[in-house]
Structures are given as structure tokens and as C-alpha cells.
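The structures considered in this document are given below.
Two complexes follow with subunit A in common, the first pairing it with subunit B and the second with subunit C.
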Partner chain A sequence: MPLSLSDPTWYPIASSEDLPFRHVYQGQLLGRELAVWRADDGTLNVWENRCLHRGVRLSIGINEGQELKCQYHGWRYANGSAGCTYIPAHPADAPARRIENRKYPVREAFGLVWSAANDDQPFKPFPDAEAKAWFPLRPLPVNASPDDVVAGLARLAPDDQPADMLPGMAVRLETAIYFVQPVDSGRSVIRGLLAEKPANEIAALRHYNEMLTKLRDRLEKAAARKPAPEPLQPSFEKVSVDLATMPDIAIPRGTTFPVLVKRKWQSADGVIGFELADRDGKHLPTFQPGAHIDVHLPNGLVRQYSITNGPGELMSYVIGVKQESASKGGSKALVETVREGDVLAISEPRNNFPLRRDATRTVLIAGGIGITPLLSMARFLDKSSLPYELHYFVRSGETAAFRSELEVLHGEVRTHMGIGRKAIRKEVEAILGLHEFANHVYICGPGPMLEMVQDAAAALGWPDEAIHFEYFRNDKTIDASSSFEIELARSAMTLHVPAGKTVLETMREAGLTVPSSCEQGACGTCLTGVIEGEVDHQDVYLNKSEKASNSCMMTCVSRARSHRLVLDI
Partner chain B sequence: MTITLYDFELSGNCYKLRLLMSILGVPYDIVPVDFFPGREHKSDAFLRLNPFGQLPVLRDDDLTLSDSGAILAYLARKYDASGRWFPEAPDILAQVLRWHAVADDITSTASAARLALSFDYPFDVAACQKGAHRIFRLIDEHLWFGEKAGRDWLCAPDHPTTADIACFPYIMLSEEGGISRQDYPALRRWTDRVRRIPGFVVMSGIFPAGPAKQD
Partner chain C sequence: MRNTLDSITRNLWHVVAATDELPIGLVETTTLLDTPLALTRGLDGEPVVWLRRDEEQGEEIDAETVLERLPVKTAYGYTWTCLGSPPAELFPIPEFAEPDRVNMSCGSIGIHVSAPRAVENFLDMGHFPYVHTDILGSEPHTEVKEYDVEVSEERDEVLATRCRFIQPRAAKSATKPMEVEYVYRVPHPFCSVLYKSCPEDETRQDVIGLFLQPVSEERCRAHLLQSMIDSTSTITDLRRFQQTIFGQDKPILENQYPKKLPLDPRAETPIRADKSAIAYRRWLSQKGITYGVIPQAS
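Here is the complex of A and B:
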């Protein structure tokens, strides 16, 4: 029977012991080359063996524990999702979330690793599988067609005791089962299992290896006399153009998906941890360090929370929520009404706070609940053995959140407790020091602290592009008193923005679909290009030089100083 | 002491010596020899250093040596204080020499296929590839049973020897000769271990392995 590229059967593709930590195994099933690797958390990944960038085999890449790094240009892909998390040629940008390598299903059972060409069939153990403690033999690659190998194995049976042919190219001979992995039309691997552990393991392994090697020699001699079969021609999906380009920061909102609140706990005084997981136990979408999710709350509000996870930890997201007395009802609703077992709608992760991995010195400065994105960054840097310092400022009387998670980090992690306002600036200045080449600082915390650190860094010679920050919210009072015209260059429309109404609202009323999220100038979703006119920036998303460039604006809060703005929309 | 290596950057045999000297921390100078396309290893000047007309040649003060396997043994005996890279124990020494011979077989098959495909040498590519696969199968079997017995290296159970250095380069460069290592998982794992030896250096076509898992 000729092999089919769409054969949904599960076949063994490796032994469990072929996949030690920090190794990338090169495999093949039905003509398709595979890069197979075990993450440090034990998760097995079976991926198409090519980097989406230039097609180089990922099997020569580096298993970094929770990410696989391509050897060619260093693209990193996340454990579980195969989503791209970092592109060294664009160190300051977050890769498009759609860059995701092709994955195949995987199961580890009976000492073997199993996969299939597609998800059409659930994994089904072979007859009697659960009843025995299987002992895997040395796998033997054979340059002969899978059908010929199955037939050759069957012929090993004595005449009075014919071989038992099992579904999925498997043969049972006495107490052993031999699976034939269809590598390609003319190539196979025999993967044998003994029904129990032999008394002398090495002797048994040698014995079966010798027997199978003899069979292989016979099969290969016979195969050499026949014309070689045409290899299978698996198709490789083209990488779309939008995957190959850098993403827009603005991603339309609206795509939400449900998650289960798996765990809710008190991480520190006033900080509640939430663990959110897929309802069916699948992995969640790829995120990058610094990324946040929108959480749609039971009271209708939408709030942003940073993901605290480390690289490749996609089985759940952990967020930290502050119980604020002056909360607008967002955090309060989460803390007070959401319980374990509830289902929440969240957005896919977005990253407005990307982490560079090319710095010689990375300083992470957190204030209070601002620890959340920086914890994720520290975990990524930690896993890649990159140097970093994490300074966590906590008010007196408060306790540090995520303490046990911070304790296991290898970098320089310091908690600064109860330092007065004036003393904090001195402390921050001492931490930062004068700016040197390839030094970067990431700040997250309350508004006044962010401004103080930015100010202190600037005074020490840190350029804007070395100071990275993320606001939780915009505390500024928005002045919406101006009125002006907006010309939408691509939509060929001119609209009037009256006092009291935002640019975003005006565009929506005119029938345009414009993405937004926080609608307070903090999240960056509604970023829009400005072609002409002077912007009255009121957001906390853009940095000083971006604001001064007058080339973009946040339409949810910012307005015009001139009487007319021309927008690239 | 002043060591000079007569070197061709793309030669796996020269790389064997660069690799061991890097691991042992031995400083050396390089004299580049235009092996391809200049065929300088067949020039009169070079033949005076090595009448066999082969790279590499190594000079240590007044001593001139050739043959990569012999030079590996010399460097290990002279500069490796631990005595592990080219051990005294007769049983291990015999195995090291046995695998030095395998390294030469790898050169005449896998390296020859690479020379044919990348350097225009008039060799029978199919025959070279077939010979390399035959040897790789045997090495994979040796290493697979080695792992079962707690031996991570070709000869000694718990540390690499010059045998590992001698066999490594042309195994690692085999793809350049059209020889896939997909069918040799134990051999691929061993190449990870070699690439994690402290002091390991790369050459063109040989990539580093990431760090091992820290507990």
C-alpha cells in the first residue's frame, strides 16, 4: 500500500531516551522532517524542521530549555506553541504574534514518542499496551520501504506461530512488538518493545540489535535490487508576507477567548495572584516578556494585566492584581467577585513593553505591583543566562509579591523596603549610574515613580531609547477643551472634533473601525501615524522623543494644537 | 615554547588541532596555507615541511610534526597535565589509537565527499557517502550501547580523549558532503557533548551547542 501524506495514524518517531534535556532530535515521518525537543519542564515539541525566517533546519538550533533558538539568525520559538518570541535583528520590537511554526501532535508513552501527520485521530494505545511494563529496544533505521519492513518482520515468525499483525504497521512476535515508523517511501525505522524488562538488559539489547541488524541487511539488499520508490513530496506552506514583516503595534481588539480561573491566591498584602488556563488543558497563545492581556471583567470593564510567566510557560498565565482602595471598579471586581473555577474572557497577549536581549546591562526597576512584567523579563533573561539586575521597591508596611518566584532567580535581585520619597531618587541614581553603551533600563510602577526614574535616568545621560517604561494607566487629567479638524488621508474624509469628544470617538461615529483598548492613553493600541499638524500629546505611552517627532499619536486622548491634523488612516 | 600551526581555515584536520589547543589553553601562531584553490600544500616550500603534502603541520620550537592524529597525541602528552586526553593506561590507549584509525576512515569517506561537493575534487561521491554511512552506523551503535553502559565518550567512560577530537570534525561537517546524520541519534547526542567541552571553539560549518541544563 502506498504511503499517504494525510495518513492520520499515530507512529512512534523516537524513543523517550532520544530526547534528553537541551537536545534537538532530528526526525521524519511520512516524508516530513521534524525537529523534536524536550523543554526543561518536560513538555515535548514536534515541529516542522525549518525556521520560518530562512528555512534553516531547526534541528541544528539550540534548545535553550524553554525556547528553541534558530542557529542562523537567532529567532526564538516558544515551548508548546512554537510561536516566535524574539527576533535579534529587531531587538526593540515585539515579533508578530502570527509567526508560529507548524506543529504536529505528540504523545509520550511506553518508552516511545508518538506523533501523527495531523490531528484527525486521537492517540489510541495498541492492544494490551496498558497491561505491561514495556522495555524499548534500540531503534534501527532501515533503507527499505515500510511495507517491505513489516513483511520482513512477519517472516521472522516460526511457521507454527504466525506473526500477529497489528494496526498501524506493527507486528507482534511472541512477547515483542515491532512498530515500523514510515520515515519516507523507501526508509523506515524499526522500533521494538519487549513486554517486560529482561533480567540482563544489555545482553537482551545486544541480542535483539543483532537479530534486527541481520534483518536490516537482508531487507536493504533486497531493496537495492528494486527501483527506488519516489520519495514523498510533502508540501511546505508558504510563509505569508505579513509574517515576514514587523507588526503594527495596533492590533484590532475584539478577539477574546475564554479562560478558566485555575487558582486565586494572596501573593502579598493587597496583591492577589490569578492563574488563568485553557478550559481544555491546551496551551495558551505565545507571549513575549513584557506582554499584557486585556481581561474582560464581569462588570463590563476591560483592564490590562501583565503576564508574569517565564519563557515557554504557556499552560497558564499568571497575573497579579492589586487590591486598590481607589480602584475604578476594575481590580475590585476581579478581586472580590471572581473565584476559582470561574471563566473569564481575555484577549491574546499584546506587547507594548518589549525586552531587548542584546544589552550588556539590563536594569529592571519595579514599584509595587509594577513587578509583574519585570518578573517575566527577569525569567526570560535568567533562562538565557543574560545578565540583569532587578530592583523591587516596596512601600513600608507592604510585602513583596511573588517572593518565591523571585527567590529562584539567579540574577541580582534586590528588594528595597520602605524608602522615603526623596531617598528613593538617590537610591535609583546609585543603581543606574552614568549611562554606558548597550545599557537599558525597564521601569514599571506608579506614575510618579515612573516619572522620577525617567527623569533621574535622563539626568545621568540615559537616552530615551534606553529607557523603557509601561504605565498601568494615565493619571493625567485629560484636557478635552480644544476643537479642530482631522483629515483622514487614506479614508479621504475630513471630520470635525468638537470639545469634549475624542478623535477616536469622532472617527467611530463616522463609521470607521479603529482599534483601541484602554482608551486612556496608556496601552498603545490606537497608535496612529500623523502626516501633518501639531499634536497635543496627552498620553503616557509615547516617550519624549516620539512625542517630539510629531509623527504619531494616541487618538483616544491626544488632540491637536494646530487647527488641523492629517492622519494616516 | 613557540607553536606554529600550518593551517587551512576550512580543513577539519587542522581544526582538530585548533580545538585541542583551545581546550588545553595552549597558545599558538598560525601560518595560513592556501589549500584550495592555491594547492599550496603541494608547493616545494610546504613539501620540505611535510613530504606527504598534507595539512596540518605543526612546529613546536625546532620540532616539525605532521598528521593530525599524531599531533593530537603529541599535544596531549606534552601539554595536558591531567594525562586524560591521551591516557597512559594500555587498555584505553589501545582504544584511543583504534578510534584515531576510525577518524582516518571518516576522513577518507565523509571528508572526501565534502571535498568532492565543495572543493571540486574528482572523487566518487556516492561511494564516499556510502562508506561514511557505514562508519556512522557503527559509531552510532557504539555510542548507543556506550550510553547504556554509562560511557558518554568514544573510549574512556567519564572523559573525552583525543579520539573524540579526531572523529568529531568530519562527522560534524558531513552535511557538506551530502551525508545526513538523521539516522544516528546517539551520534548526534555525542556531538552535543563534544560541543560542551570547556574551551570548545567552532569553525565554519560547525555550530555551538547551547549550555546544558543547570539544576
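Here is the complex of A and C:
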């Protein structure tokens, strides 16, 4: 039977002991090369053995524990999702487009690592598998077709006790089961399991090795007499058009997906932690440090919360929510009405606050709940052994949130408690010092603190591009004095936007249904593509390069600089 | 294999050896575009190249007896030949003729990858901190800043300018990382020339030429020319430096799949730093080159 590239059968591809700490193993199944690695949290990854950027084998890459780093350009791919989290050539940009490597299903059982060409079949252990304590034999590669190897194994059986042929190229001979891994059309690996651990392991391994080596010699001699079978020709999947055309930014789709509230707890006075996980226990989408998610609340509001996780932690997202008494039903709804076991809709992670990893000095300054994105950044820097300082300012009477998470970090982590407003500035100035080459500061906290740190840094010679911050609320005064035309390309409509009225309102009055949420240019819901014209951006959602690209806008606050805008709507 | 040899590639001049290293009166063998070649030099020092039949490496030969010869050109210290009808001229490197320069061939290294993949690696700055650690780049300085790329119609070459990168030891005197500026030219489908600021004279540039000999679609030999303004380093120093760099690139390039350069924009994932590579791939596509590449499906 010829091998098929789409064969859904699970085959063993490695022994468990082929995957020691921080190693990347090169495997092959049905003609496809695989990069197989175990993350520090135990998760096994079986990926196509090729970096999406320039095709270099990932099996020569570096297993950093929670991420795999390509040797050629240092691209990092996350444990579990195989999504790209960092591109060092562009340290100031988050890889906004979803660059995700091809991955294959994986299961570890009976001392072997199993995989399949696709997800069409669930993993099913062989008959009686659970009943015994299996002992794996040394794998033996054979340069012969998998079918010939299966037949050769079957012929080892004595005449009066024929071999038991199991599904999935497996043969049971007495107390041993042999699996044939179809490496390619002319190459196989025999992986055997003994039904129990032998009394003398070395003697048993030697015995089976000798027996199988003899079989291999016979099979390879026979194979050499036959014409070599044509190797399988697996094709590399093409990357999506938007990845290939290299736009500066991609318009996010605004899709949401449901997550389960797995845990809810008091992390500090006034700060509630939420752990959100996939309902079926699968991993969540790749995120980068500094990224946030939109959480759709039961009362219809949409609010943004930073992910606090470290690299490769995709089994759940942890967010911190401030219990503000003054909150207009945003955080309040989460804190008061959402319970463990509830399902919430969230957006895919989005990053307006990317972390550069090319700094010689990284200073993280958090005020209160602003610790959340900076905790994630600190964890990423920590895992990569990059130097950083984390300064966490807490008001008097407050307690520090995520304390146990901060305690395990190796960098310089300092909590500054109950310092008065004027003294804070002095403290911040002392922390920052004069700007030097390749120094970067990241600030997250209440509006006034954000402005104070920016101001202090600027006074000490820190240039704009070295000061990084993120707003979750748009406190800017919106200038709605302009008037202009909008042409709606897909709706074939031209409308006039007068002074004092937003693009969003004008479109709604004309009978269009346009989604929106915060209506202050912070949440991203009303994001619209721009085909022509110059946008007067007034939001805090799009980052600088997105704004500069002039390819999208937030219709709730932004307007036109030109007299006409052509929108993709 | 041979049927992918397009007429453009067939009619190009291709590098085959450092002229100085060709023995006079002895046979040297090599392969170009899957074609076995034999080479030697006559008593006048001029290289002779012909289609190899049963000649073996190191055999004695009198160049005068070789009657059916391939076209030959000597340029930039190297011997060039052609399997078809070559153009009159090879691409220009005017700096080579400047009298105060040290011009040298820095050796030839076989790489199990297609020639265009090796060109692309030469144009790429993003790999410096990872592959040429502490020489051409070092973490954390990994950024590839915006640069300019154009395809010059007049000269029919890809030109990348304003290419800047922070290097740990850009010059011998440097103690701190500093930014160097490069200009890359791709004047030939399998050759590239790099200009970089010269530490000894701010008004001039050091020149490094990379000439690739396409042995087969998936193998090449890299020949390197250095044309430097350097009064202190010895030739051994400069050669050793370039061989170190090549030794670092080789294992990475040999782990690249597919080995031929895919011209379909959707085959791999480009980023802004790859602008010059994108222009190069497009230029090859427009020229109709099919050798050593996976052409875009029409």
C-alpha cells in the first residue's frame, strides 16, 4: 500500500528520552521533517521543521524553555501555538500579523512520542495498552519501505504462532509490539515496546537489538535489489497573502472567542485577578509582552485589560482588574457579577505597547494596576536573561498586586510604597538618570503619573522613541471643528461630515449599521479601512506607525485633514 | 535537471576560479551549471577553460593543445567563463583599478545551497547578531533600520542604500558599538558587491565582492574579492576574517529549505528588513531566471 501524505494514523516519531531538557529533536514522518521539543512546563511541540521567515530548520534552533528561537534571525515562536512573538530586526514593532508555524498533533505515551499528519483522528492507544507497564526498546532505522519492514517483522513469528497484525503498521510478536514509523517511502524506524520491564535491561536491549539488526540487514539487502521508491513530496503551505505582501500593518478583524473564567481571586486590596482559559483546554492565541485583550462584559461594555503572562504561557491568560468604586460599570461589572465558571467573550490579543529587546537598559515603571503589562514584560526579559529594572509605585494603604509573581523574578524589582506626589517625581528622576544610548523606559499607570514620568524623562534627555507608554482611556480633547466629505467605497455613498459631528454619527444617520463601543477612540471597535485621503487621527488606539500608514482610522473620534476621505465600508 | 537552465543564465559570465590559484601546466577541475569543466593556465599566465572529458585533477597539460575552448575573461582577480554567448562586458567595479587599494581573492568555499540563496544571505543584515555574533553584530543591537532599495534600469542592477547597522567592532580602533553604513549592489544574478565606510579614510569605501559559481541548482561555490584601503592588516588577517564569516554562514545556509530560492512571494514571510531580498527576487523573476530558483507558478 503506497504511503499517503494525508494518512491520519498516529505513529511514534521519537522516544521520550530523545527530548531532554532544552533540546530540539529532528524527526521525520511521511516525508515531512519535524522539529520536536519539550517546553519547561512539559508541553510537547511537534512543528514543521522550518522557520517561516527564510526556511531554516528549527531543529538547529534554541529551546529557550518557553519559546523556540531560530538560529538565523532570532525569531521567537511560542510554546503551544507556534506563533511568532518577536522579530529582532524590528524591535519596536509587535509582529501584528499572525505568523504561525505549521504544527502537528502530539501525544506522549508508553515511553514514546506520537504524532500524525493531521488532526483527523483522535489518539487511540493500541489494544491492551493501558494494562501493562511498557518498556521501550532502542529505535532502529531501516532503509526499506515501511510495508516491507512490517512484512519482515511478521515473518519473525514462529510458524505455529503467527504474528498479530495491529492497525497502524504495528506487529505483536509474543510479548513485544513493534511499531513501524513511516519516515519516507523508502525509510522506516522500528520502535518496539516490551510488555514489562525486563529483569536485566541491558541484556534485553542487546538481545532485541541483535535480532532487529539481523532483520535490518536482510531488509536492506532486499531493498537494494528493488528500484528505490520515489520519496514523498510534501509541499510547504503557502503563507497568507497579507503576510506575503508585507503591509506595515494589517487591519485587525475584531473577532471574539469565548473563554472560561477558571479562577477569580483577590490579588491585593482593590485588585482582582482573573484567569481565563479555553473551554476545551486548548491553548489560547499567541500574544506578545505588553499585549491586551478586549473583554466583552455582561452589561454590553467592552474594556481592555493587559495580559500578565510570561513567554509561552498560553494555557490561560491572567489579567488584573481594579475594583474602582467610581468606575462606570466597566471593571465593576467584572468584579461584581462575573464568577468562576462563567464564560466571557474576549478579542485576540493586540499589542499597542511592544517591548523592544534590543536595549542595553530597560526600565519598567508601574503605578498601581499599571503593573499588569509590565509584569508580562519583566517575565519575558527574565526568561531571556536580559537586564531590566521594575519599579512598582503603590499608594499608601494599597498593597502590591501579583506579589508572589514578582518575587520569583531575577531582575531588580523594587516596590515604592506610599510616596507623596512631589517625592515621586524626585524618585523617578533618580531612577531614570540621564539618557544613554539604547536605554528604554516603559510606563503604565494612572494618567497624571504617565504624564509626570514622560515629562521627567524628557527633561533628562530621554528622546520620544525611548519613552513607551499606553493609554486605556482617551483623555485628549477631541477637535471636531473640521468639515469634509466621506466616500463609502463599498456602500457607494458620499456623505458630508459637518463640524461637531463624528464620522460614525454621520454614517449612522445615513442608515448604515456600524459597530462601536467606547466612542472615545480607545477600544478599537469602530476601526475602518481608509482607501484615500489623509486622516486626522485623534484616537489613542492606533500606534504611531499605524497612524502614519494612513490605511485605517477610528471613525468615532478621528476626522480628515484632506477635504475628502474614501473609506472601505 | 538541465532543462531548467534558462538562456539568461546560460549566456552569463560565471566565475570559476581565482586566476592566481590556477596552476600553469596542470589541470584543475570544476563544475559549472551541472557541466564538468577543466581549467589551466598557459605559460603566458592566461587561463584556459574547456569542457572536461576524461581529464583529471592535477594531470599535466600543455594549454596550447586545448583547441576547443570556452570563452574566458579575467576580471577582479578571477577567471570567468560562459557556456553560451557571453556579453562583451562584465559588470563594472571601478574601485578595483584604484592604485592604492589592496585587492585580493579570499578563497573559495563550497556551499550546499543554491547561488541565489547565498546572494540573499549576503544582502541580509538581520542575521549579523545571531550568526556573526560579536563580529558583524551583537545582541541586543538587532534592529535593521529603514533603508532604500531600487532597481536601476539604466544599469540593470539592484541597489540598496542607507543600510545601517550597529556593529560591536566596526573598526579596529572602536571601543564602543557604532553604526556602520553599507551600500549593496546586485549587478549580476549571482554576484553582489558591498561598499562600507573605510576606517582609514572617511571619504572612501572598502569594497567586498561576492561572486557565486552555480555548480548545480542546489550547490554553489562562493568566491570572495576584497578591495581594501588598509595599510596595517596582513593578507592572512584579512583572509582569515572572511573565512571565519563564511564558516559561520555555511551551516545556516545548508539548513535552509528548499535549497532553491522560492520566487513566489507567498513561499516565505518577508519583513521590512528584507526589502532588498524582495527586490532581488522580483528582479530574478522579471529576468526569467529559472536556474537555482523555484519560479513563481504562472
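FYI, the second predicted complex is superposed on the first by the 464 of 569 C-alpha atoms of A that agree within 3 Å, B and C clash if a C-alpha of one lies under 4 Å from a C-alpha of the other, contacts with A are read in each partner's own complex, and residues count from 1 in each chain.
Criterion: a residue touches a chain if its C-beta (ideal position, glycine included) is under 8 Å from a C-beta of that chain, and two chains touch if they have at least 3 such contacts.
No experiment lies behind these values; they were computed from the predicted model shown.
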Quick check on the superposed pair: does A:Thr255 touch subunit B, subunit C, both, or neither? Answer first, second, both or neither. neither
If you stack the two complexes on chain A, which partner ends up touching A:Leu386: first (subunit B), second (subunit C), both, or neither? second
Tell me which partner A:Asp358 touches in the superposition: subunit B (first), subunit C (second), both or neither. second
Between subunit B and subunit C, whom does A:Gly27 touch in the aligned arrangement: first, second, both, or neither? first
In the overlay, answer first, second, both or neither for which of subunit B and subunit C A:Ala438 touches. second
For A:Ser404 in the superposed arrangement: first (subunit B), second (subunit C), both or neither? neither
Determine, under the contact definition given at the top, whether A:Gln71 touches first (subunit B), second (subunit C), both, or neither. both
Should A:Val56 be classified as contacting the first partner (subunit B), the second (subunit C), both, or neither? second
After lining up the shared chain so the two structures overlap, which partner does A:Ser481 touch, if you call subunit B first and subunit C second: first, second, both or neither? neither
Intersected contact list for subunit A, partners subunit B and subunit C 33, 60, 71
Subunit A to subunit C touching residues, read off their complex: 33, 49-50, 52-57, 60, 71-74, 87-92, 99, 236, 238-241, 243-246, 248, 357-360, 386, 438
Would you tell me which residues of subunit A are touching subunit B in their complex? 14, 17-18, 20-23, 25-28, 33, 40, 60, 62-65, 69, 71, 138-139, 141, 189, 201-202, 205-206, 209, 385
Contact footprint of subunit A on subunit B as seen in their complex: 141, 144-145, 147-149, 181-183, 185, 188-189, 192, 207-213
State the interface residues of subunit C toward subunit A in the complex, per the touch definition above. 120, 125-127, 129-131, 139-144, 251-252, 255-258, 262, 264-274, 278
